[in-house]
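A short write-up of the structure that comes next.
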């Protein structure tokens, strides 16, 4: 369900990015363009939360259930990395 | 020039959003999807800085030169609003 | 008024940072610490919006009224820089 | 080690918040104040990454090792919540 929601946000973001490109090409007012870009970012951030939720609830949970120590270690390392990347980009 | 650069970032962001959508639909790994979403956000943030730079260097500068008090007032109000929105979304 | 509000946010943020330091030193639970750090960041972001509002309404407006071209140019350059920095940190 | 690093960042952030408060009270230039606030935020973001790293490497790892299903579930739920909060604040 999280992935489905993410897909919805991503498709809306793509549509809005298209619209922003047309606004820039059409010489529209900067402030209106900036607001639309920020709206796209807000959508992508929501999609990202959904994807990471889905990750925790499926991939990470599965790794824990499997008791595969190496896989669990990899999952924790990936989570640490994505949190660091999140912190850098946002 | 800032607008041209923004356009470049936006087009790259659109291509990447397309790719992310295909990744979600194709059941790709969550962490890889999340990284791509964050890369899109980083591009949109850069585009936004370019647009706001362009705004300051053209629209705001023009309003100041015209000495149209009402227009200047509007420009300052808009800048305050966009900074507040930026702060909320980022 | 914006500066006064900023001061309030900053003082609250200082108190919370103090509290967070004690939490880390006292071995408190990571998630609770992380939530408090994020609350501090939220306060500092609000203080920053107030300061930039105050800047637009006083310093920038004064520069425009003075019709000092060089000062206006500097103000616009500073605004562009702070927006870029904002974009990088947030 | 992550907690020790976090503590360092937090103490520096507290010192800088103090300095920012004095800058506001002393009527210092808005742009300089804003830059300092953003520097504080950058420090707190780094501290937060350290704390969450420490959380993954100690608390979460311990819960997984213990095979306490309820505790693991709680840890995953908390991670999802903190990622959502991170997304909202940053």
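Labels for the chains are A, B, C and D, by order of writing; each one numbers its residues from 1.
One rule holds for everything that comes next: contacts are C-beta pairs under 8 Å (C-beta built on N, C-alpha and C of every residue); 3 or more make two chains touch, one makes a residue touch a chain.
Just so we're clear, the structure is a prediction, and the values are computed from it rather than from any experiment.
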Interface residue overlap between copies chain A and chain D, same or different (over half shared): same
Rounded Å distance between chain C and chain D, as computed from the means of their C-alpha atoms: 17
CA centroid of chain A to CA centroid of chain D, Å: 21
Whole-Å separation of chain centres (CA-atom averages), chain B against chain D: 26
Chain B residues counted as touching two or more neighbouring chains: 45, 48, 52, 86, 90
Graph class of chain-chain contacts, one of line, ring, star, complete, other: ring
Residues of chain D defined as touching chain C within the complex: 3, 6-7, 10-11, 13-14, 17-18, 20-21, 24-25, 29-31, 33-35, 37-42, 44-45, 47-48, 51-52, 54-55, 58-59, 78, 81-82, 85-86, 89-90
Complex interface listing, chain A residues touching chain D: 45-46, 48-49, 52-53, 56-57, 60-61, 64, 67, 72, 76, 79-80, 83-84, 86-87, 90
